[in-house]
C-alpha cells in the first residue's frame, strides 16, 4: 500500500495536529474537542493551513466544505479526515456579502467540485480555482445563488395552473 | 482474448489525464478532428440524469466533462425550511438506493446537536437496517454493472434478492423505498414479532443464491474479466486526491471504513473485517463489494444474536430545539462516506444543512480517470462508483 | 491463455438451470400479495373522531392536508368545540411519511392498505372527507418560521426573520391556524 | 394437377417459391422476436409476454400492428434516400440467401452450384446496409455504431469464409445440396465432428456477423444506445429488426446445413423422406436457441478485444486447421 496510514493513539495524534498547526500559522482559535481538532483561522491563511495539514501532518482526506450564510458574513468549514479516527475542522469567517477566498484545489484536488458547488449555491468566489463553473444551476441566464438566505422560496403550490 | 500489455500501453497508470494522452499527435499531422458527443441526460446507462460531454478520437475518450443538475431539488434549502423531524423523509429522496444511510447520517447529526443518548435496542435496530440496506444496494450494483456491460440477466437475479430484502424492510418500516423509519432519538417502532427469525432464515438461502447467481455467473466469466480488469485503474494517492470513498477507495488498497475508523451506532461492538483489494480497477472495487456482502451478512447475524430488549426511542421532548452550534453525522453508505453537517441557530428548523454525498464526490473521477479509455469503458468506470442520481444532485 | 471459456460455460450452465426453475413473477392485477400490517398506504380520516386540532395540517411537510374549522356543538354538551367541516387530503402531494398519523392525538387519521391512487386529473386525487368540500388548490398556511435573534448574538443583523412568511395570503381554509402555536 | 405442373415450370416456380421464402423470412423474424422474449423471460425467472392470446402467443401480431401504425420519424438533417434505403439494403440480402438453402430432399429454390460463394457474397452486402443506416442518420451515435458495425462485419467475414473452406475441401463442391448429401447416413458423418474447430469458429463468426451478444457492439445498448438504428422508428425500425432476426435464422440455417447435416436425420432409420425438413427445422431451432441463450447470459466485448479475438485467435486457428485438413486429405 502506497499510502501510509497514521498510527498510534488518537488523542496524541490530535494534539500533534493542533501543535503542528499552531506552530506554523497564527490561529484565531484552536482546541481539541473529542476526536476533533477545531481551529478557526483567517480566510487569507486557509490554503496555507490546509497545505500544512496535507503535506506536513498527513491528513489525507478532505471530506467536505460547508458554507453557511450568516447574512453579512460567510462561515466556511473544511472537514479533514486523517482516515484513522481523527478529524481536523478548519473554520473561517469571511466578512461581507461578496465573499472571496483562496482555492484549495492545489492542495486537495477533490475540493474542485466542492468549491464549484459552494460557488453555485452561495456565490463564494475561489481565487485560483481551475474551473469555477456552476455545478447544478443553469450556466446562463441565472444570476442567483439559491442557498443564500436572501433567496426567497415560494411555498405556493406549483401546479395550480394545471388543475 | 485480451492482452494485458496492450491495456497497459493504452492506459498508463501514472500521470494526469493530459499526460496520458500526450502521444505522437497524428491528428494534427493529417488534419483530423475529434468528435464531440453528448451522452445523456436521457441515456440508459447514466444512472439517472447525467450528461457527459465527451471528446472522442475514434473510440478513445479525450475529454469527459460531467454536467449535473438535472435532478437538483435543492434538498439543502428544503431542509432549512422544515422542522427537524420533517427533514428525515426528505433525506430518503437523496440517495434513493441507500435511503436508510441517508436517514442515519441526518439523525446522527441532529442527535449530535441534542447530545441524545439512545437506548441500545434502537442502535442495534439501526445497524440491522443499515446492513440490510447495504445488502440491498450492493447486490443490485453488481447487476447494474453487468447491465451496462450488456448482460441483462444478472440484474434480475440481483433484484430478486433486493425485492426480498425490501419485503423485510417493508414489514419493519411500512414502505418499500422511502422508509422514514429512523427518528431523531431512535427508530419509529419496534421490530414486528418474528422478523429476526425470518431474516436469519433468509440469509441462509441468500448465501447460496448469491454465490451461484451473482458471483459465479458474473465474476467467473472471461468477458467480465476482460472488460473490468485494468479498467479505471487508480493509485491510492490518486483515489484520495479525487475524493473517492467507499468500495472504489478500498479497491485501491486504502484501508478506510467509517464503520471501523469513525465508529457510530454500535459498530465498535461488532466484529467484521474491512475488505480491501489492491488492484485499484473496476474488478477490484467489485471484489470489495462482494466481500462486503459477506461481511454484511456476518454483521446481521451478530446483530440478531445480540439484539437487546428495551425501548427503541429516547425521550427528547415533543419539540426539538437543539442548542446553537454544529452537528455532524458521518456514516458509511454503500457508496462511501456520507456525511451531514447541520448548523443550528436554536430554532425549530436547521439554519443550514449540508450533505456530503459520496456519489457527488466520487464522480470527479470521471474527469480524471476516463480520458484515455475507450468509450465503452465509461460504463464500468461509472459502475465502479455506482452513483445515484438523487445523491449527486441533492 | 489461462482459461478457454470455462467461466463462460459455467455462467451459461447457471442460466440454463434457471430456465427450468419455477418463475418468481407475480401476475399483479390477478395476484395481490398480503401487505404487512405497517403498510403506509393512502391516508383516510375517521371524521367522527376528529377534534379539529389542526396538528396534522401543521406537521405535514407537503401541506397536503387542508382543514376548514368551525365551532360547533357537535356532541350536544352545550359547549361549542372546534369541528372540522371540511377535510381534504391531496394525494397528489402526499408522500406517505406518516408524520400526521403519529401526531394525531385521537388516532383518527391513519394509513390504509390502499395504494392504487390513479386519476385522470390531479384534482381527483384530492379526497374530501368533511361535509363541505375544501378547495385543495389553496395552500393551508404553512408553519411560519420565526428565526430567533440568534444572529444578533454573533453580531449580525437578521432582517429576514419574517421574510420567510409566505407571500400568499393565508388561506381561508386555515383561517384559524395560529401562528403562535406553529412557531 | 395440370395447374400444379404448370406452376412447376421455371419462371413461375421461382417466383412462387421466392414469395413463399420471403413470407417465411418475415414471419420467422416475428416468431423469433417472440421466442427471444420468451427465452429471456424464462432465463430471468419470469414469464415473458403472456397477455395477448393464449400464453402470449399472439404477441408478434400485436407487435406488428403496433409497428405498422407508428409514425416513421426521420431526423431533420438525415440523408433521406440513404436513411430509408438502409433497411431494405439490410433485409434483401438476408432474404435472398434463403433461396439457396436446401430444406428437404429436392426442396431448394435455386440449386446453384456456387451456393456457398453466393452466400458469402450476398451476406457481405449486409455491412453496406449498416453503413448506410449509420451515415444517413447524421447522428454521432449512429455513426459510431456504423463504424463499429463495418469494422466488425468485414473483419469477421475472414474467419467465416476460412472456416467454410474446410467443408468445401471435404465435399469438393460449392453447392449446398452436395454438402448436405455428403453428410448422409447418421450423425457421425456430419462435419461438425471432423471439423470441430471450424464449427466453433463458424459459430462465433456467425454470432459476430449477426451482431448478437457478445458481439453486439454496433448496437451497444449501454454506450451508443442502439447504434446505427438509433434514429429509426416504426416500420423502418421493424424492417431492421426483421433483417437482424432473419439473419440470425439464416446463420443458424447455414450452420445446420454445413456442419450439422442439413435435413439429414441423425440416425438412418429416422428418415422421413420428403418430411425431412422437420430435421432441418429442429436443428436450426436448436442453434437459434443457443444464440438466444448466449444473448441472455453474457456481457459484450469491447472493440479492441473483439478485433483481437477475430484476427489473433480465430483467423490463425482456421488457417492451422485448414492445413491439418489438407494434410489429412492427402494422407487418407
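Just so it is clear, A, B, C and D label the chains in written order, and each chain counts residues from 1 on its own.
Keep in mind that, in the parts below, a residue touches a chain if its C-beta (ideal position, glycine included) is under 8 Å from a C-beta of that chain, and two chains touch if they have at least 3 such contacts.
The structure presented is a predicted model; accordingly, all values stated were derived computationally and were not measured.
Visitor: Could you say which chain's mean Cα position falls nearest to the mean Cα position of the entire protein shown?
Guide: Taking the mean of C-alpha atoms per chain, the most central one is B.
Visitor: Can you tell me which chain lies farthest from subunit A, using the average of the Cα atoms as each chain's centre?
Guide: Max centre-to-centre separation from subunit A belongs to D.
Visitor: Which of the two pairs, C-D or B-D, is linked by more C-beta contacts?
Guide: B-D
Visitor: Can you check how far apart subunit C and subunit D are, centre to centre, with Cα atoms defining each centre and the answer in Å?
Guide: So the centroids are 56 Å from each other.
Visitor: Round to the nearest whole Å and give the separation of the Cα centres of subunit B and subunit D.
Guide: Measuring from centre to centre gives 43 Å for this pair.
Visitor: Just curious, how far off is subunit D from subunit A if you go by their C-alpha centres, in Å?
Guide: For subunit A versus subunit D, the centre distance works out to 60 Å.
Visitor: Provide the C-alpha centroid distance between subunit A and subunit C, rounded to the nearest whole angstrom.
Guide: Computed from C-alpha means, the inter-chain centre distance equals 36 Å.
Visitor: What parts of subunit B, by residue number, touch at least two of the other chains?
Guide: 1, 81, 153, 157, 160, 217, 221, 223-224, 351
Visitor: Going by the contact rule already set, what residues in subunit C reach two or more other chains?
Guide: In subunit C, 8, 11, 14-15, 18, 24, 151, 164 touch at least two other chains.
Visitor: Give me the residue numbers in subunit D that touch at least two other chains, ranges are fine.
Guide: Only 43-46, 296-298 qualify.
Visitor: Can you name the residues of subunit D that touch subunit C in the complex?
Guide: Residues 39, 42-47, 293-294, 296-298 of subunit D touch subunit C in their complex.
Visitor: Name, in rising order, each residue of subunit C that touches subunit B in their complex.
Guide: Those in contact with subunit B are residues 1, 3, 5-8, 10-11, 14-15, 18, 24, 35-40, 59, 61, 95-99, 102, 111, 143, 145-148, 150-151, 153, 164, 183.
Visitor: Which subunit D residues qualify as touching subunit B in the complex?
Guide: 40, 43-46, 140-141, 144, 148, 213-214, 216-217, 220-225, 296-305, 308-309, 313
Visitor: Provide the residue numbers of subunit B that touch subunit A in the complex, in ascending order.
Guide: 68-69, 72, 74, 76-77, 80-81, 235-237, 240-243, 245, 253-256, 261-262, 278, 326, 328, 330, 337, 339, 341, 343, 351-352, 354, 356, 360-361, 363-364, 393-394
Visitor: Which residues of subunit C touch subunit D in their complex?
Guide: Residue list for subunit C touching subunit D: 8, 11-12, 14-16, 18-25, 27.
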